[in-house]
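You will see two complexes here that share chain A, one where it goes with chain B and one where it goes with chain C.
Let's look at the complex of A and B:
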């Protein structure tokens, strides 16, 4: 049973207990700052180190050494003296650094002198025909089941898409005895040439050898089809076939009961955007990334962003970004504090990123769907619906809401936002930066009306309850 | 380059867009200048209430005029704007509140207005079955309803453009000045010139009025709204309370919009608002008390739109008291959406014919002469 925050004000509040949040917590609390770490999962680790303290998968080699490196940082955070609350949902953050958080069915407001947002990444939408059929799920969801419960597929299964996490998941499933019938690799052939100039950085990066070994491991056990240019899921009420077009232009069909889709991860921007942090379109990663200084400080004084939420960089970079943001918070609190400069370590951890970003930039046809393919799952809006709205005057995602309610459902744009921006940008001949994104608003995660009604009535009452 | 037009409208809310449309219908060629995009602020994100109910007597004629246009909104703008007419109900929570309702309706009847109708507890529960048993009655305005605000504002903008209005979005109107009989306004590198200037700049309108010597007591406000996840259909009319700040509306998809006038903190130069969750909590408490069915709903999103409120809570509408060719249409004080269609029609009459049959005398900017302004933003 989690308890509500003990205090009504902290030097630092860190949101998210993945690599960045854990590292920031350990450093900030270690330096004597009153530190609160809020995380919505049952335990520390975020996605990459999910269930690090509780996974039933105990044999080290199955999840890999990168996974287990998380245990040490999680322990450092736990021993740092920070207050750590799990199953805590941060549903509001504003430019006054006031945080609305829900714990155990009750909400409280707390104030922070500094906030470090470490809410990580989410999977990029993969809007292909049939992606809403039962039996189609994201690779990330499959990995969550694998790490938390040791569950792996045992029915006819196809994994499709691209990126390092796709291969990691495939390797983990196979090591745990799971079934994969085919890997459909959608990496565009042209990307290999485009990525070449960045290859030197990558071969000297910590990811290079691991990546090659993992791909070899998967290829030894499962047939892999590369250069896939079209992909569709089909079935009557549930998935029963995956069809695709090969690099050679041949259309083929596989029968399958499970299709796992993944084409990379993008920053989870909802909390930062709702707080008013300025973001810009990242032309290489094809997503929104916050405008930050070298230490992760955002456009809002007192709010820093660390980890993949600052732009995709991977777990190692996240740790150093978390430490940089904590250092900045420590400096702000005590100007004479000695804070180590981690910029060299961060640079090394980020090495090779340009290669990965270029190589795994998803092809246009997998980002910008056409015709009857669903764009917005919440309201079942198709690509054609979006284009029809553009034709009668919807100029950007916020106007589209008025016509189609896209982005107004439970997912708050997480599953359609990037698609809508790119689709409208293409239709209107503008850049995604010009088209913009949904204006996001709290609650960033839905809260019960009764919970909001029971919010302590005044600031004084809040204090009384929090202290009581 | 200087472009000559018949009228310059500053502000692309429902009011500016409606005036642009009605000037086109009268054969004029206006330009509308909007610094963001049409409907970006209050006009696009308000509760969508189409309400004659519970209005200040001074704006009732304009509201009634507008209601006539709402009822044929599809013919006017080629879009039904999501307008639905299930009535609006004002709920009295106590006998004392019901007595006040009775006095109000009697007063309106004596003035010749019949749109508000006193209802007892039985009729209240027939109209709003889910309301708490303790409520003794209220007032209904049966022709009222609700529409989709962003869709409506966009429809007016689109129709105005089709009929020949020039719409300039994304750049502010700057360097507003008068040269002889012509008003001149810069938009980027262009200059527009016209004998008529309509100040429909919402939260920014006070600055325009102030610049031309008509300082009025106006403040910037940001009324908050929140919307829930879908719940089973349980209510048709829009419900407002007599005693507490609450408005309440269920959409066809089951989601429920909760408003009522609690205010966020506006930051008008950043185009932003900071929500006040303690006030939203009050709204949630009121809803939970009145409608048990709502307690298990979830809040999906909350927001606020920036607009202008006058000290006396009614708009400034009509010609300037100082300058020929300057017209004001602002300060609708959180209840201007329903007035939009009618106000545009009346404004076009004022501009084209120099007068209107619709009674607007109580709304003139002259009412503030000789009264010291309070805050001006």
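Let's look at the complex of A and C:
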């Protein structure tokens, strides 16, 4: 079990040990700043380099060179002199840069002179009929199991959705001897034309050749149905079948025990929003992204955001954003320190992103569900429930909490927030920016009440509430 | 639903699921070990009692909630297995005192 932080104050605290957090940690601690890296998982890597030190899948070609490139950065962070705590859940961050963190069942508050939020991305909600059935998971979930435990599907399996991760996962499952019966590609046909003006940036990016090779690898082994316009999961207590509508308008059904869904990733906004960092609706990526300067500094002095939490840019861009944020922290701490300018590398890593964002922008029917389709998985609230609440006066996500408790379950809106914003925006004829998002607050992950009760208290704080 | 790929040489770790011994591997999370076990490990939701299995496996969705060593509402996807761990599949809300 990991120990609590050794000190109560650090020059820089970095939250999240993915590409951005590891790179920032290596640079900040390497420059001599007292550096603490906090991460919720059992080991470093985040999602993209998950289980980089412990994966049972050792043969390099199986997970690919992009995965193994993480080993060097993880090592650099480990050797940097930074204090690194895994299985640490950061549940609070405020504008005074005070951090509430839970480690091994106990909580502590620590202070930072700078904070770098590197909490990355999560998969975009994919609210189709039946998406709560056992046997329906995200593609990322399957990839997590594959990387950290070498587990692959061995039952009738359908992969549905769009985006680079979908093809990477399919290729990895096949390489490890797993089963995929069908890939249903939901990329809207119109997106190909819309993405064309951005194609030059993409074909000159490192993603282009790799992406083509991976799609060829999958298509050689699994039937792929393109242009899918509708998707539904069905079953009684567990998934039995996946039905879909083809580009030609034909409805077809496949037997399946496992359906892996994916339509891109979106920033994980909970901690940054709870700290009060200003976010804006991103019309291209269709999600909330923080308002940042070129070095990742947010609207709150001392808080920077690096990696996919700053707006989806991929692992390579995350590394450079982590370096930029660390450089900014080093400069703030030592004004005469020499910090290298990484903006050219960052621009290069971001090349091709506009193409991917346009091509893989998910179709409206897969973002804004209808009727009995569940929107809020925790409170089991449907699209119709949300629209009924709008009809009797709910104006936005925060009013909807009082009407239907959406976003108030344990996931705190992570799996319904974007859907609720877009659904209510459409119903009320407003933009998502106007409709807004849930007002998020600490604790951003559930903790035990006893952890709060056991926090060290000043005599003054005790006197303030004790009677007599 | 899932099988272990060849070449996994990690040490075996025994956990107990509703009293039944299950062989997991060192480095598995509780949720991964449950999904690999082949047992019916569906939880029941607190609201309607609907059956669920993990959805995201990365700490976001809370559909992996499970009782571990007597403590309810744990995110099974974030907790590594340990020898002798006692797992109960959560049916409905967390019980007071658990």
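The criterion applied here is as follows: the second predicted complex is superposed on the first by the 458 of 468 C-alpha atoms of A that agree within 3 Å, B and C clash if a C-alpha of one lies under 4 Å from a C-alpha of the other, contacts with A are read in each partner's own complex, and residues count from 1 in each chain.
As a convention for this text, a residue touches a chain if its C-beta (ideal position, glycine included) is under 8 Å from a C-beta of that chain, and two chains touch if they have at least 3 such contacts.
None of the values given here were measured: they were computed from a predicted structure.
In the superposition on chain A, A:194 makes contact with neither chain B nor chain C.
In the superposition on chain A, A:109 contacts chain B only, with no contact to chain C. By the touch criterion defined above, A:87 reaches chain C but does not reach chain B.
Looking at the shared chain after the overlay, A:455 reaches chain B, while chain C stays out of its contact range. Of the two partner chains, chain B is the only one that A:392 touches; chain C does not reach it.
In the superposition on chain A, A:3 makes contact with neither chain B nor chain C. Of the two partner chains, chain B is the only one touched by A:100; chain C is not.
When the two complexes are overlaid on their common chain A, residue A:446 makes contact with chain B and with chain C alike.
Counting residues of chain A touched by each partner, chain B versus chain C, the larger count belongs to C. After overlaying the two complexes on the shared chain, residue contacts for A:402 are found with chain B alone; chain C is out of touch.
Touching of chain A by both chain B and chain C, each in its own complex, is seen for residues 409-410, 446.
Across the interface of their complex, chain B is touched by residues 92, 94-96, 100, 109, 276, 392-396, 399, 401-403, 405, 408-410, 412, 439, 441-443, 446-450, 452-455, 457-459 of chain A. Within the complex, the chain C residues that touch chain A are 1-10, 25, 27-29, 32-33, 35-36, 42, 45, 47-48, 50-63, 65, 73, 77-78, 80. Residue ranges on chain A touching chain C, taken from their complex, read 40-42, 47, 51, 54, 56-59, 87, 122-123, 132, 134-138, 140-142, 144-146, 148-155, 176-178, 237-238, 257-258, 268, 377-380, 409-411, 414-415, 445-446.
Taken together, the chain B residues at the contact with chain A in this complex read 37, 39, 44, 148-151, 154, 157-158, 227-229, 253, 270, 272, 274-275, 277-278, 280-282, 284-285, 287-288, 294-303.
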